[in-house]
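Here subunit A shows up in two complexes: once beside subunit B, once beside subunit C.
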Partner chain A sequence: MSQQISVRIDNELYTATEGRTILQVAADNGRSIPTLCYLEGLSAPGSCRLCLVEVAGVGRLLPACTTPARSGMSVTTNSDALAHNRLMALELLFIERNHVCSVCVSNGHCELQSMAQRLGMTHVHLPYNFPRLPVDVSHPRFVLDHNRCILCSRCVRVCDEIEGAQVWDISARGINSMLVAELDRPWGEAQSCTSCGKCVQVCPTGALVEKGQAVEEMTKRNRIVTDLAVKRGART
Partner chain B sequence: MKTIVIDPVTRIEGHSKITIHLDDAGRVTDTQFHVTQLRGFEKFCEGRPFYEMPSITERICGICPISHLLTSAKACEAIMCVRVPPTAVKLRQIMHCGQVIQSHALSFFHLSSPDLLLGFDSDPARRNIMGVIEAHPQLAKDGIALRRFGQNSIEGLAGERIHPSWTVPGGVNAPLVAAHRDRILAALPEAKAITQRTLSLYKSIVDRFSEEIEYFGNQPTMYAGLIDGSGNLELYDGHLRFIDAAGNVVVDRMETEDFEQYVGEATVPHSFLKAPYFKQAGYPDGVFRVGPLARLNIVARCGTELADAEFTEYHQRYGKVAQSSFHYHHARLIEILHCIERMERLLQDPAILGRHVRAHAGVNALEGIGMSEAPRGTLIHHYKVNEDGAITWANLIIATGNNNLAIGRSINQVSRHFVDGNRLQDGMLNRVQAVLRAYDPCLSCSTHATGQYPVEIRLVDADGAVLDSVRN
Partner chain C sequence: MPSPPLQLASGLDHEFVDNVLGKQQGRPGALLAILQQVQNHHPRKYLPLETLEYIGARTRIPLARIYSVATFFALFNLEPQGRNTISVCRGTACHTRGSRDLFVKLLMYYGFRTEGDAETDQLVVTTADGNMTLRTVACFGQCALAPVIEVNHAIFGHMNEPTLQRELDALAQQEPRI
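And then the complex of A and B:
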């Protein structure tokens, strides 16, 4: 049996099983920490930085989704500094590409949009990038709109870890990063794609969507993937 | 030579300016109508999946988004090669009527009634909707109520009043709920009564404007608009008809795809607004007018009882072809009445609650054209896609654009008659703007553009010096 540890989160003392992350311990106890790249059932890359928390005695902020809880740890999930950081991380996601909610098929059902509402994002304080990005409509059933991609890599992970097809990857670095199918070919030509649609279901925004869904119509069911992962005995 | 510049023109939708050139004696020699905004929807839509177009293009306008939405959906349906379920067609027609009502009400009550009720020469500081509220509170209330009726009808059907996503390529995404139908029907009698009262009022004052009627674009042109299978008024679907100035049919029941055979688009150097013309007559002679005036000139009847009685009286007053653009106002009121009757008829049909409201299909044709009658006239969306459904090319021909040449000539006629460069008065320049208001131009739509400037009128002398300019 794994060892039980005690962790303090926002001044409340909790008992947890060793090996669980701060995010999981918080969730087990009904505390929600903002996340975007994380999806239960998939590995956590810790890339979006929305789940950053303060850990007493550690001189920098740590992502809750990848940091294991340790015995005696004291974690703060909410503070003015954290709120400021999260908002900044979110604003940077918004300025990077072209997120025009009003004409998006995912309007009203988008995790990025809901996160902006949850964190109270009323303005974006930096100039928008307005990059010119393509829309890949070559797949018969699905569409990839790079304008709406936040590079969370959920699609990359689900395709690798659950479907086992490994169609997706992220190419290049930094601001030039792009999601690519099979070493950068049109998705419709990717022979490894099984057209299972899992990437579409886990994508938090309107970047991966079903073809033919009009504006505001695209709803996602990412629970399917989590449940599937749990059934297969993956992490919970 | 001198020039007057009116910049921006007030009480219209969008931004424009008018330049009036005068000779040494102060007489008008030439006029120009410039649309000073540019938006570029056609360009940035390239690459988008075609079925997103209705919701993207409806953002062109906040006043007639429904026209763009429906026309775009029709172009998409041409690409999909689907037949929209009959219930969905009816629901769209009702929504379209709601929009024509609210848009026409905006034009008549909010934008033009200050000229008509307070007078073209009245104090410019009070010659606006606030002045109308003071002097004619009941009429102002009526205008607001009628516009609200149109907006609420749209909201009842589509869930949102300005930019709803309910209309989708293939139909609509939810059937009508009985409670919403009943709510619209309950509000309908008041809307009808308002329209009838306003028509009576209009007919009682129109004779005061004989001089304006005579010179507000009272020129022979062709007219174009859609007609239904019986040659009656049709706003949502139907075939295009062109008539000449005498009322003879020149082209009848034109198929949507043949549009380019008949209509060319000229680019005008001093304006961002293109100028469509009737090809067989050439540019710039192929002037045609669209919108309420044109529609009531081309149709046999409206096809609803009360509107038809008004239609008959209208043509008894103004002749078989009502030629002055001043009559746009009257025609607009008759169309409001028609739309209310039309909505009533469609809503009373039990089939309107039918649940089959959407057809599904992918790309079955690489090109699609949609055409309908927007409040301001014939609107066309023309798209080309690749086999995967990405837009490769788009062209939007907008109602106000179709009127561009006619508007230019009307401004010229009004200016020549009313503007005297030696003793410039506010009422003169107001009439120049008022003829533009009669067309109810929507310049944001017509250039698919956003802009920061409303209207300017300039008076330029023979040496090109600007003598006077009015801007709002």
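And then the complex of A and C:
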């Protein structure tokens, strides 16, 4: 029997089950913390750094998606410093690749775009990278556009943890990181791909989309993946 | 476990890879050791894609994971390496003591284009005849000796153009080296 603990989030006292993360406890109580790489039903890599929160007595910011809530913890999810941090993390995502909403199939249904609106991002403070990146259209049903990828690794995790095909991974390091199918093959030639499309549905941006969609037409249904994970008894 | 009839790139023998796999199988973090030993065994010190595919088929490690590991670590090469290697340190100390000029000189000496390339953080280039590999290194940890250049695993500190030229001439004397 798991123990009940009490946690203070933004000066409100909540009761939670031990082992739940700060993000989950907040969500259970109707409090939303900004996230990009996190998706309910998948493991949390804590890589986008948007869910960073302040925990009283801890000298650094902690990602809410990977930090378990502890009894007596006092968490701040919103402050000027946090807002500044989140905006910085988001701006760095925008400058890294070529995010042009006006010509994107996911315009209007994009988590990156929505996050920019939610956090009030009006412009970026650093020059854009404008990297030359390929678009992989080798798969009969789907497209991978590296220009719009934010390397959140949701596709990697859903393919590994839910589908079990393990087609995707992130290659190289730092600014050179790229999503790869198998040994950097064209997606259409990846033998292990089952064409289930889960990676497409969980992709927060227009990086993974269905073919035949025009600007603003690509809506994602990442809920089906969460529901599937819950049905199978994944930790949520 | 099924052993698919995969072609190994020339210079790498099935038996050796199978042997390594047998020894490492099941150990945590086995992939790193496998890749390292297989690469060292190859005469050109690299991991051909066919070999990675073979390792994947035998160990059931996803190919994407193997590729991810092989590209994450600078230790692993996916391209054939030259018979000789010169590494130029591009750390801060060496940079301030002129390591970029030395690297550009090397690139020019071996006939590589220098614009743009010399600015890249990490660069590995091999001459078409497979004789020389030039690479940049983040830091040798010998900052007091800056700028540092490594020629075939021998470290040279306080490098300057005349000394570098002397080493290049010495290398040219030894050729052809196997």
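Here, the second predicted complex is superposed on the first by the 236 of 236 C-alpha atoms of A that agree within 3 Å, B and C clash if a C-alpha of one lies under 4 Å from a C-alpha of the other, contacts with A are read in each partner's own complex, and residues count from 1 in each chain.
Rule of thumb we're sticking to: contacts are C-beta pairs under 8 Å (C-beta built on N, C-alpha and C of every residue); 3 or more make two chains touch, one makes a residue touch a chain.
Remember, it's a predicted structure, so these values are computed and weren't measured experimentally.
The superposed arrangement places subunit B and subunit C next to each other on subunit A without a clash. In the superposed model, A:228 lies in contact with neither subunit B nor subunit C. Touch criterion met: A:183 reaches subunit C, while subunit B stays clear of it. By the document's definition of touching, of the two partners only subunit C reaches A:166; subunit B does not. Computed from Cα centres after superposition, the angle at subunit A between subunit B and subunit C reads 90 degrees (steps of 10). Once the two complexes are laid over each other on the shared chain, residue contacts for A:196 go to neither subunit B nor subunit C. When both complexes are overlaid on chain A, the residue A:135 reaches subunit B alone and has no touch with subunit C.
Look at A:95: by the touch rule set out above, it reaches neither subunit B nor subunit C. Residue contacts after overlaying the shared chain place A:61 against neither subunit B nor subunit C.
The overlay of the two complexes leaves subunit B and subunit C separated by a minimum Cα distance of 21 Å. Touching of subunit A by both subunit B and subunit C, each in its own complex, is seen for no residue at all. Interface of subunit A with subunit C (complex): residues 156, 160, 166-173, 176, 180-184, 192. Per the touch definition, subunit C reaches subunit A in the complex via residues 49, 52-53, 62-68, 71-72, 122.
Subunit B makes touch with subunit A in their complex at residues 47-49, 51-52, 54-56, 59, 163, 165, 168-169, 173, 360, 362, 386, 388-390.
For subunit A in complex with subunit B, the residues that touch the partner chain are 102-103, 105, 107, 134-135, 137-138, 143, 188, 211-217.
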